[in-house]
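Each chain gets a letter, A, B, C and D, in the order it is written, and its residues are counted from 1.
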Amino acid sequence: MSIAAKITIFIREKYHGFISFLVLFLIWSGVCHYKLISPDFLPTPATVGTAFVKVVSSGILGKSLGGSLIRIAEGFMIGTTLGFLLGAVMGVSRTLERLFAPLINALRQVPIIGWIPLIIIWCGIAETSKVTFIAIGAFFPILINTFEGIRSVSHSYVEVAQVFEYSRVKLLRKIVIPGALPSIVSGIRLSMGTSWLLVVWAEINTRSAYGIGDLLSSSREEHNPGLIIVCILVIGFVAFLINELFGHLEARLNTWKKSYR
Amino acid sequence: MKKIINILLVMAVGMALFGITPGFAAEKVIRIGYPGGSGRPVSAGGWGYVQAKNLFEEEFKKDGYRIEYNYIKSQGPGCNEALANNSLDFSFHGDLPVLAGRSGGLKIKALTASRGGNAHLLVPTNSSIKTIKDLKGKRVGVGVGTWTHTLLARVLNDNGMTLKDIKVINITGSDFETAIATNDIDAGFGSRALVRRGVAKIIWTTVGKPVKYQSIFSLVVREAFLKQHPDIVKRFVKMYVKGLYLASLNKNETLKFNTRTGSALQDNIDDNAGQSIKYITAPRIDGQVTQLYKEVQLVAKNNGLIRKPFDVDKDFIDSSFLEAALKELNLENHWPNYDYNGNPIKK
Amino acid sequence: MKFQIIKNKLLGLIIPLILYVAWDFLTSREIIPPELLPAPKVIFDTWWDLQSSGELALNMKMSLLRVGFGFLLGAISGFLLGTAMGLWKPVELYLNPLFNFFRQIPVVAWIPFLILWLGIDEWFKIVFISFGAFIPMALKTLEGIKGVPASYLEVVRVFEYGWFRVLRTVIVPSALPSISTGLRLCLSEAWMLVIGAELVAAGEGIGNVMVIARRLFQTDVVLVGVIVIAITGFAMDKVLGLLETRFLGLHRSQNAQ
Amino acid sequence: MERLGTLEVKNLNKKYRSQNDDLLVLDDINLTVQPGEFISIIGSSGCGKTTFLRLVVGLEKGYEGEILLDGQRLNGPSLKRGVVFQDHRLLPWLSIEKNVGMGLKNPKSGESRKTIQEHLELVGLKGFEKHYPHQLSGGMSQRAAIARALVNRPEILLLDEPLGALDALTRMYMHQELERIWMKEDITMIMITHDVDEAIVLSDKIVVMSSRPGTIKKIIPVPLARPRDRAGYDFANIKEEVLAEFQLHTDHPFTYSI
């Protein structure tokens, strides 16, 4: 198929979406143009554009995203590592499951944002508290997905391994973990998505020098509606990227699974 | 497939290490906390001189200590939290927060105290609120847990009301300024800067009122740090007193010096009208300070801000370092002791 | 065999019990500073104080009212949008791209915008919560309706059912489980967001109790808050689950989400 | 040297513990399988034939009596006994090549590669090395499973209704293939089946089991020349003999899935 033909098909299938975005944009511009809503409340597209250019060219957006991403990296790594390990041992051993499950289920009931005040008391308002908060948020999805992934590995595969006299380690490495991997990866995607929201929450509640949540808070404090919209879009875009990226990875790992079922 | 597993494993190990290693980096540092609502990382008064003249840095250079000033945006309560999880050694914060911290189990000692801080009750310029009594049912912005919180409680009590009669909105710093400007709150304690900008007007102020309405700020130290490094605490207090001494020499100079924090000179002059520079800089935890502490604690208790009161004299104050410093610097008679009403006690 | 089940249940109590004993031991001897983790008894006493003084009930009432309004607003509008997109192809074609765009944006990002428009009072919180509840509801409703198996629709086409009858006999019943999942998702989201909103700005509410306690350095009150919101969230989910079983006859296993 | 692969089952009993009392699944099974023999076990659903097979594989434990392979009592699964399950149980995340190499100690060595190649050729899957299970048809998957089971050169190959899930035509084709593999590898095979024709086409002996508890009703030899003619007179006779065994034990003849 030629590229032109592909584009034609793409447009034919997606033009409705373009139209609604265009209409929304026109309404927005119109409302601003005729001053139906004060620019203090609804910035004009031009203001948003200027704010975006300014925040990018001054390097503030880059630094903010960088600050948040470092926090996520740390919190996410700690949380997912611990979650994966605990999920794995609980998945493998029924005794450990029975030992830990009630505790984990109880802790899981706390709405994640509810941890914020306690974490601040325990870890202060510096980096540690943000990292801890993100780690707690990243911990649960990966734990549950690892556990369920391992439990969903069919017993018949385990029997095949028994026939071939696999050791426990080999059984884990060759059968259990690969079988659970799609579920684990989707846990990683969930954890990553959660980490992204939580870094914003953490930065709103405990301010730091650079972070996307800090930029968001300061956009409000400075009463800069253009920057507010820029922040909303940037946060949404990154969430979208994370979802796409990990979704892609998940889909690749799932090829055998999907067509197999 | 296997590659992916291997990559994940390596990542997992890396993550674990990455998360753990920062804990090993130990260095010699003295960490000072300071409520930093104003936005600029500089202080006024004695602290300003200590900082500007690098007194701590000079003193502790030979021991290899780094000095770290932390401007804590969440103010006094934030200082408490930082002390609690060992991210600060010293802190300088207001009366309610240190008392609430101590009452909540925070192991701290007050080493010095300073008095005479002022605050103004602001309402938006177009507001119809004229007196304290008009606050009934209104949204009042206050940094919950800061010294203005007890001040608010006290002022309301004076007018036959309690905190329950108004809507307390927890808000500090620039958030407060925005909220007043946008009428999101009806009143709150803030600085004269907002009046200058035409955003707010003052309906009540501590300036010229009895001493009991003014703030006390204390230099506090973590007890564990005190036990571990009494020598450092001693030298620290000495340097701090030196800064206070510099500040106490000339009122006009010091008020001008204070504008480094971003405040206007005239505001400084107005706020400190009628107070001698010696009174503002006096470090002793004398009868006036302990009495005021007890009063604040009582007000806080009665308004539900502190639940477990404690013995201020016994469990909280340690004047020995200050007295030693004054002696070493030959400043024993530089500052008088003050009576409850703020008059110097003649020896 | 009964004994085995009891043993398994008891096994789960071991770690909480060990933690509890360790907690009690470490805090009563002040090995863990009480300002960071108060002893269990202190927590219980604090809870009793807050409970008997009515402070807890008052603040819970505020939070629950906010959740109630936000949840209703979000769930109803989400249901309407989901249904509209599910039933009318043109609506889906034009609105789904927009919806997909907006749903990528985490609700937390809307805070400054909502404060700008609505101030920091009740409306901000309610609208904020409803934003959070709206998205899962619309998504699950759409999913439910789109997920009606084509084979069922073919069956009723053979019987020449009218439009409304198709809706009533096929679409609604087979979309209900998904819609009901949406309801549960948006309730737990709403409960989390009310805490979030109250942490950012509040006068009353359980989140606000926690902020004030934190700032007044009352760790015990903060912990009581954490426990109370956990139990409340759990209870709300259980109640919805029971209603689901009662009215839809859906039985979910404990762990299913 | 005596050939390996003699299986002796003596007075075998197997019970399952249930809530209230024990359920006897296998009752006094006695069977000897000579090296290189092809045995089919046939019986209705629930007669315990799968349990029997799983005991021989070593996946089920706890039995009374003796199961001896070359005089050695069985203890857990062993590479000496290959098994092909009804569902092929190829690991979906591994390529066919890797699936077949699963049982090898060192699947990457040159020797192992050669063995894998040989077995893929044996089952007629040359060229499918890099494919994944979901890309293969049912018959091909089952052949890959057979290759996987044979790759360790087991003394006995146990087949648990290996062709049960295939359509009739593929199944007949697989009969030929299985026979060819059996002859080429010269290995003992024990197959469980529902299908009387299948059993007669392939087996040297047919073991007929009855259910509840599972006992061996009769052992019927099949002394026909290979390849066997399904339409032949002798074939029909034996089929009748086998079916007669079932009729004797049930009020509703021919209700079995054949």
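Please note the rule applied: a residue touches a chain if its C-beta (ideal position, glycine included) is under 8 Å from a C-beta of that chain, and two chains touch if they have at least 3 such contacts.
Keep in mind it's a predicted model, so treat the numbers as computed, not measured.
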What are the chains that subunit A and subunit C both touch? B
Innermost chain by mean C-alpha position: A
Comparing centres built from CA atoms, which chain ends up most distant from subunit A? D
Report the inter-centroid distance (CA atoms only) between subunit A and subunit D in whole Å. 50
Taking each chain's centre as the mean of its CA atoms, subunit C sits from subunit D at a distance in Å of 54
Which whole number of Å gives the spacing of the CA centres of subunit A and subunit B? 39
In subunit C, what residues contact two or more other chains? 35-36, 115, 211, 214, 217, 219
Sequence positions of subunit B contacting 2 or more other chains: 1, 74, 81, 84-85, 182
Shared interface positions of subunit A, touching two or more other chains: 120-122, 178, 181, 220
Using the definition of touching given at the top, classify the network of chains in this structure as line, ring, star, complete or other. other
Touching pairs of chains, all of them, please. A-B, A-C, A-D, B-C
Once bound in the complex, which stretches of subunit D touch subunit A? 57-59, 76-79, 81-83, 85, 87, 89, 91-94, 102-103, 132-135, 152
Subunit A - residues contacting subunit C, complex: 14, 16-21, 24, 40-41, 95, 98-103, 106, 109-118, 120-122, 148, 196-197, 200-201, 204-205, 213, 216-217, 219-220, 225, 228-229, 231-233, 235-237, 239-240, 243
In the complex formed with subunit A, which residues of subunit B make contact? 1, 4-5, 11-12, 14-16, 18-19, 72-74, 78, 81-82, 84-85, 87, 174-175, 178, 181-182
Which positions of subunit A touch subunit B when the two form their complex? 73-74, 76-78, 80-81, 84, 120-126, 128, 131, 135, 173, 177-178, 181, 206-207, 220-221, 223, 253
Residue numbers of subunit A touching subunit D in their complex, please. 156-157, 159-165, 174-175, 178-179, 181, 256-257, 259-260
